[in-house]
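Shared chain: subunit A. Partners: subunit B in the first complex, subunit C in the second.
Entry: the complex of A and B
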């Protein structure tokens, strides 16, 4: 290798590393900031100057979250655990339900859009996907009236329904392209082997669509977990109120409890992180290898 | 085992008619090759037999049963796809046993049948592998194994060898033929390769543009092609088809040479002579064409020579390696009784 080529290769690699470092910093720095805030005593939060590690790390904010009682500004106060745990459960339930329902509907619906022929197939599909372009706030008021009429305000069913209707189009779109890339001859082979259409779908197509389904599940769960506006309107009480709506309520008239908010935020990161780490293994490429020549 | 009857089958996509009334029969245990150029409808016809395409009109029967409206899974047929269509998430054994498992066959029975098929195809060491860990030829064999494991009434092959390299193709050709003789099952084999059709089939059905051109045993198609298309399609290298004027048991070619024919045709015709039915003679020999040697291709077993006459170019094939060079003037004399005469307009054979 000539020195010149070595230098150009080295500089290319250095540029790549720099780019990667900037991106990692860009995405991880806010999380670190939040973590830092969650272990800094309230007094330390207002100190001047940037600190990358608090003078005296504390677990008092987490204690306020999880403990029965805790000390706040010198007074013993009720901890927020009852509210926090309820909201945490609500977040898990609504996001989980939305994910399961969306993935199941998308898995079957997209297949129908690809393999079955019925009048208006493409028009209906485009109409469904076009709803992605409608901004959520334009439908909030009519949707609210609708949900009141249906008695679905502040119920899991209501929130799940809204999430599903919001996230299904994208999932359908994604699954449709997954099925479209699959050779029809696989299904035909299954039919000739004696499988019904449904059976061929369940036993041959679905296992191969795994990575697509996992991608749908991750997308839907993350979108639902991060929802703020929909639950703000449709989940007024702790019956269904999720973390995203509860945490900002830690802002009181006299005091903004940054430590508590960030401690709650750190805990709220955990479920999506676990989900992604767990499902990531199934998000593998090359599942179709070996079908053909 | 069953016979397959195709009678007056047509196929239209909207107003576009792609198949115009095809009829033929495949006898019980017969191996039939459907052959023709791309787009002739041979694969469509096969898929209609399989039930993967609707039949616009006409009738397909398997055994004594009309299957026009029978679902593919009820037709008792197995098909080997061009791209094999193996289930990538199943092992070789699971791929082969899938159809039996769907029928609720007991586990022991399935593994016995799979083991037997694997034995026949030499797949026993690979049963636990997934398709992606197999070579092209092995995948091809798994696709065949999946078909034979359940002893269907009819086997359908849709250009199964087209993805293999030349040597493997010759080998698989023999293996499929042996398998057929061993199982004695009715088989329909689609190919665009006339050599495959000639070497494997009991009978060949030649199709073009959605029409059946000729059906018959390979050598009959070679010796007595029904029309100029079949004459040009069957046989490699292809038959020379030369414009000529026929009169009184002779034809006169464009370059003026006069050649004998066995046909009583008169007027403008197409004169057909296969490259292998030309003898090398000195230039200007009566009853022969004279021309200049152009391209020479030698394969060792045969020598392929393109000769430019005063009129059209004529191809000849010699197996005795004559000492020829580009630019030599030679005479080409048709072997007696091997010429063919076709109608210029319709291409029909003229007796």
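Entry: the complex of A and C
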């Protein structure tokens, strides 16, 4: 290798590293900023500006979040823990239910669209996937009226139903590409061995579609977890109100409790963070089936 | 003999079971979504205020809508926002994907880091952004403390610039996901083709320009569709960052529709704005879906 070539390769690598570092900073800085705010004492937020670590770290905001009662500006404040824990549970339950139902429906439904033939198959598929493009707000008014009429406002069933119908089209689309990329011969072999269509599907196809299913589950869970507009309308009380709606309510008329909001935010991002950390390679694998072809 | 008939019945049952189970749920979804759209279209021709009422007013709502300054602001904002958002996200996502595809060490670590912003609800990370953008406590304040007194960064308070802070935060949120889509596309390209081109003496630049990027066409289309519908749906970004302000400077069609329908008691106008957005989306999405499904029957 000539020295010149080596230099150009070295500079190329340095450039790559620099780019990667800038992007890491860009991606993580707001999250770190949030974390920093959650451990900075209330007074320290405005006076000291940006620091990599606060002068005096405090667990005060987290104590407020998890504690029984707390003192703020000399007044005793009602604990937010009952609200916070209820909202956290609501977020988990609604997102979890939506994910399970969506993935099951998509797993079977997409297979039906690929392998079964029935009249109007393509038209129905287009009609279902086209709903992907429809923003929630265009159907909000009638949906709201129907939910009131059906008594589903502020119930897990109601919120889950809305999430499932909102996220199913994308999951179906993804799973359809996954199944399409699988050779039919696998199933045919199972049929020849005497397995029924359904059995061949469950025992042969589903395990192979694993990454695609996980990708669907990730996308659905993350979308449901981050939902704001739907629960804002359909989850008015703590019976089903999720964290995304509760946290902005920590802003009171004359005081924005940045410390508390960010402490709550730090707890709220734990489930999605864990999900992305452990399952992100399935996301790429699952998307590959769709985008690669 | 009864046995074959029985088997026949069983297989037939098993064959039709998925259909029996799925048909109602799909029918319900289709009926609700499309039925609701028709209802919204109908509402847009009525004089509905706080509650739907069914007095026919013709195109009155549309006339009122297009006479509203707030609607014009929302429309021009979404045009600026969607264009910048889609272009910048695609550029960053593609760059990141090409970078991660160089078989670098630490890909397993970098990939989730780039994906994180998408995973976290913006209502949560939005507070950090709000803080960062606020001149009194965020970046500007920090720069002043560090001694750069003349530094000025007041976009979020500036009527003309506030919409760009929304673009900034939206790009931050989704570029990692676009990266995942392009990465999937890159991984799907046959290595043999690239090797053949390299043997033929193609430079890296030519390789990407002439072979890789054209082969990513499906990924570009998917990214475009997903980004486009995210842009049209954008609601929580605006609520978390600016609340539509300063004044009405960052109003988008979604916030417009929500406020006219649910807080300003003008359901008819809200519905007509929803119909206009729906027609815009249909005009862009239908050709795409048609092409997509025609290619893969």
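Definition applied: the second predicted complex is superposed on the first by the 273 of 293 C-alpha atoms of A that agree within 3 Å, B and C clash if a C-alpha of one lies under 4 Å from a C-alpha of the other, contacts with A are read in each partner's own complex, and residues count from 1 in each chain.
One rule holds for everything that comes next: a contact is a pair of C-beta atoms (placed from the backbone, for glycine too) under 8 Å apart; a residue touches a chain by one contact, two chains touch by 3 or more.
Because the structure is a prediction, the values reported are computed rather than measured.
By the touch criterion stated above, A:204 is placed in contact with subunit B alone, subunit C being left untouched. Of the two partner chains placed around the shared chain by superposition, neither subunit B nor subunit C is touched by A:234. By the touch criterion defined above, A:88 lies against neither subunit B nor subunit C after alignment on the C-alpha atoms of chain A.
Looking at the shared chain after the overlay, A:196 reaches both subunit B and subunit C. Subunit A is touched at more residues by one of its partners, and among subunit B and subunit C that partner is C.
In the superposition on chain A, no contact is made by A:62 with either subunit B or subunit C.
In the superposed model, A:188 lies in contact with subunit B only, and not with subunit C. Looking at the shared chain after the overlay, A:126 reaches subunit C, while subunit B stays out of its contact range. Residue overlap on subunit A between its contacts with subunit B in one complex and with subunit C in the other: 196, 199, 286-288, 290-293. Interface residues of subunit A, counted against subunit C in their complex, comprise 16, 19-20, 23-24, 26-28, 30-31, 33-34, 37, 45-46, 48-50, 105, 108-109, 111-112, 116, 118, 122, 124-143, 145-146, 165, 168, 180, 196-199, 222, 225-229, 233, 243-245, 247-248, 258, 261-262, 265, 268-269, 272-273, 275-277, 280-281, 283-288, 290-293. Partner subunit B is touched in their complex by these residues of subunit A: 183, 185-186, 188-196, 199, 204, 207-208, 286-293. On the side of subunit B, the complex with subunit A involves touching residues 50-52, 71-73, 75, 77-79, 81-89, 98-99, 102-103, 130-134, 136, 139, 146, 163.
By the touch rule above, subunit C contacts subunit A in their complex via residues 10-11, 14-15, 17-19, 21-22, 25-26, 29-30, 32-37, 39-40, 43, 52, 95-96, 99, 102, 104, 108, 110-125, 127-129, 131-132, 136-137, 139, 141-142, 144-146, 172, 176, 180-185, 187-189, 218-219, 222, 225, 229, 232-233, 235-236, 239-240, 254, 257-258, 261-262, 267, 270-271, 274-275, 277-278, 281-282, 285-286, 289-290, 293, 296-297.
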